[in-house]
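First comes the structure, then the notes that go with it.
Chains here go by letter, A, B, C and D, matching the order in which they are written, and residues are numbered from 1 within each.
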Amino acid sequence: MSRRGRLRAFLESPHFERAIVTVIIVNAITLGAETSADLIERTGGFLHLVDRLTLAIFVVELSLRLYAYGRDFFRDPWNYFDTIIVTVALLPATGPASVLRALRILRALRLVSAVPSMRRVVAALLAAIPGMASIIGLLILIMYVAAVMSTELFGPIAPDYFADLPTSLFSLFQIMTGESWPDIAEQVMTEMPWAWIFFVGYILTSSFVVLNLFIAVVVNAMDDQTTSAEEQRTEDQLAKILAEVTRLHAKIDALEAARDDPSREQASAEPVK
Amino acid sequence: MSRRGRLRAFLESPHFERAIVTVIIVNAITLGAETSADLIERTGGFLHLVDRLTLAIFVVELSLRLYAYGRDFFRDPWNYFDTIIVTVALLPATGPASVLRALRILRALRLVSAVPSMRRVVAALLAAIPGMASIIGLLILIMYVAAVMSTELFGPIAPDYFADLPTSLFSLFQIMTGESWPDIAEQVMTEMPWAWIFFVGYILTSSFVVLNLFIAVVVNAMDDQTTSAEEQRTEDQLAKILAEVTRLHAKIDALEAARDDPSREQASAEPVK
Amino acid sequence: MSRRGRLRAFLESPHFERAIVTVIIVNAITLGAETSADLIERTGGFLHLVDRLTLAIFVVELSLRLYAYGRDFFRDPWNYFDTIIVTVALLPATGPASVLRALRILRALRLVSAVPSMRRVVAALLAAIPGMASIIGLLILIMYVAAVMSTELFGPIAPDYFADLPTSLFSLFQIMTGESWPDIAEQVMTEMPWAWIFFVGYILTSSFVVLNLFIAVVVNAMDDQTTSAEEQRTEDQLAKILAEVTRLHAKIDALEAARDDPSREQASAEPVK
Amino acid sequence: MSRRGRLRAFLESPHFERAIVTVIIVNAITLGAETSADLIERTGGFLHLVDRLTLAIFVVELSLRLYAYGRDFFRDPWNYFDTIIVTVALLPATGPASVLRALRILRALRLVSAVPSMRRVVAALLAAIPGMASIIGLLILIMYVAAVMSTELFGPIAPDYFADLPTSLFSLFQIMTGESWPDIAEQVMTEMPWAWIFFVGYILTSSFVVLNLFIAVVVNAMDDQTTSAEEQRTEDQLAKILAEVTRLHAKIDALEAARDDPSREQASAEPVK
């Protein structure tokens, strides 16, 4: 085995995988602990040290993988995922409440790429999205149309919710989640009593589309997973029947051939006598 | 090809369809931009110009389609949809916050009729409605009965929510969406402590009916889409087995015929010797 | 046909059924109109008159049905439903906001028993309940246990929500519908910070049980309705294959019989020669 | 039958089981009644007496079961469940609002282990959990990452909701149940207008994962229960066809054997003549 081959074997060994998972979990815990000013003070630089160390391990691991797999490294989308997360962690985080500092915890998501069963679940979730594309498009279209309409109609009446297009979109998303919509509706309806048509219509339409989005996901999931045991048994039995019927054909063909050519039959029959 | 035929081919060409989709999207964006007084001012009459232009394109496209398809134009329900939307856009919109002005954004819905995959999704959504008719009827009946009851019983106690029939219907729709129902119930229950029976009963009943509405949609969707690959394979294999068994019949018939009529058999067998 | 037979035929005729449905709808509308003091005043005694009249029609119809069907009348549970509703409507309603007055609108529910498709939907809904009995029992048990626990633990802290058992049950039902639970939880958690365990545990448990309640209903609905067209086709084709194979048996039996008894064969074969 | 055997038969007799169920229900009612100071006063020590008595019955029953089944007692997980509940009830409960006092009502959960149909439902619910493990893990990971991020980013702005990690986790659970999230979002967005990305992203992601959790449960439930009647019929018919085809083989084999060895055939045929 080449040096690369041995490195690959090492990277794929259960021991190494378990070690990396442990490092990720340790890192996730220390990053969680760092949210507490109290804990940072008490542990001194320890938490920071662990953080630096785990980051170093990630960089080394990624470099090893890049070396070991060469071009193949770029074929696995999970490697892109890992690379992006580690790169984000390496960017210098300045300022006390920097967004980049907060993004360090994304490293915990490496757990998804490191644990095979997690990876499968996420792959299954992502696989459901293309089948939902048209319905999501429809939903976005409905929200956009409703946002433009509500901004024009309700903007002057309820500027808290419909002042401009982004605000309206946020309010409509809020209404779609069913949260506090009566408050919004009442504020508008004091001046435009017929506005209930808009709100009830929007709620019914968006719920119905979201329901169909769910159904699309369910139907997809069913189709993928329902080669259930007994369907497999049906398949197997059908294959068996077909094989048996084919054997019947062969036998009857032999019978007929024997009849057409009694001499050959006799010949084959003779040793039996 | 006739002139109409060539026009049809042009209207159905992917290039033309893509162009129309682009126009719809541009129009949707400008209509969205027009909700911002700031953007209107900065761009001067540009947004308005684009709006006029796209409307003109829609009118021309619709006229061309009407000319090209003649009577067939009225057979496709999507054409009615497009005609209504364009007609609404042509109505003169006076006043600053006219409803008709707000309805212009409905033109963005032309995206549904212009993109085939969207059209299919909407057709599938609409196809689910007839199967839901009885349950929707039951739901409306329950809401109506509950509204009349609550207006009579709770009207004097909680006029904010149950003053008259329309207000009660709105409140009951709100309760059905699960929004702020405890506030309404508490206001009533201060004077009628047993009113929880009405609210809990209404919530359970309406949830159960809505659940069954969902199930009806799911079951319909399943029935339509579950000619899954493997069921098709089962079908194929069954057809194959049946064909094989039929061939067996033919062979045995031949065998028997030969036996009944050895001379014919001999004759057919002779060339083999 | 006997007099009763003719009466039955009349009662079951589509004309009569449509007439009764019309009377029910008219009655529902007038009962709705009576919720408005304004409309009552404007129409004078008209609404009241229609109400009396429709009630009289219901009484007559029910009496005719009772006479026409005799004992069979008591076999159809829908007849009990109609009898109870009409009886309730006949009870004297005194006082301005009497509950009995409000119950009159229940007559609109007769629409369910009068329209066959509605009747089927309601029958299907009711048929789903027995399969849900155990899970509903479990849910009630969980709610009861949680109510006793929360009354003992949180009663002194948050008497608004957990003063006594009925209040706790109502609050827990409210939490189960997901409404304003953070308000309740926060009020308790100010004194008992660990109370989040109770609330989160209760929400997760009850959601999971409710989810399984839904699944039980869905699975039942599926089982009933999924003798889909193609499964029927599979069945049909299997039956066909079995019949063909049986015919093969008969042929081979005949072949063998002929071989065992050439004379009989000869005899049957002779006319062919 | 041995003494233990007779004891087992007694413990498993429907009479004894019904008696225990009655005791559990009586105990549950008295424990519920004890939440009312008024009822305790009026009934004097009666409620307390019943409570002591039922507890004594449970202890005796459990001891009998332990004696009767010996080692087998520890094989049934429901026995652990009963033992823990009875042990908790025996712990001394001091202080007026002791948690242990509140835990006494857990004895009502013995209804689950005492009623077979309840036991089946709970077993089915628990059986669904392993299939959900990966998705639950993913959900916890997402919540943890979101909690660390929101504590770092929003902690100083909205300390009510994101002061430290546990508070953030509770707030994020609250947001996931869809309760009052706009209030939280608005408080944060006054200082960080782009925070809507976090909230909308979190709501969409967590809803999608929860939806897939539901689907996993539904698909599992379907797989288990859908050996529906007609699938069974398909199976049966396939088995029948296979048996028939096998019999065909045997017949043709016999035919061929007879042909190969006419003497044996003659012999077997002779008696027929």
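By definition in this document, a residue touches a chain if its C-beta (ideal position, glycine included) is under 8 Å from a C-beta of that chain, and two chains touch if they have at least 3 such contacts.
The structure presented is a predicted model; accordingly, all values stated were derived computationally and were not measured.
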* Quick one: which chains contact chain C and chain D both? -> none
* To do: Note whether the interface between chain B and chain C is symmetric in residue numbering, meaning over half of all numbers used appear on both sides, and answer same or different.
  => different
* Distance between the centres, which are taken as Cα means, of chain C and chain B, whole angstrom -> 27
* Asked: Distance from the CA centroid of chain A to that of chain C, rounded to the nearest Å?
  -> 38
* **Distance from the mean Cα position of chain D to that of chain B, given in whole angstrom** => 38
* Mark out which residues of chain D touch at least two other chains, giving numbers and ranges. => 178-180, 218, 222, 226, 234, 238, 241, 245, 248, 252, 255
* Structure fact -> Pairwise, the chains that touch are A-B, A-D, B-C, C-D
* **Interfacial residue positions of chain D with respect to chain C in the complex** => 28, 31-32, 35-36, 97, 99, 101-103, 105-106, 108-109, 111-112, 117-118, 120-122, 124-125, 128, 170, 173-174, 177-180, 214, 217-218, 221-222, 225-226, 228, 230, 233-234, 237-238, 240-241, 244-245, 247-248, 251-252, 254-255, 258, 265, 268-269, 272-273
* chain C-facing residues of chain B, complex -> 133-135, 137-138, 141, 144-145, 147-149, 151-153, 155-156, 164-165, 178-182, 196, 200, 203, 208-209, 211-212, 215-216, 218-219, 222-223, 226-227, 231, 234-235, 238-239, 241-242, 245-246, 248-249, 252-253, 255-256, 259-261
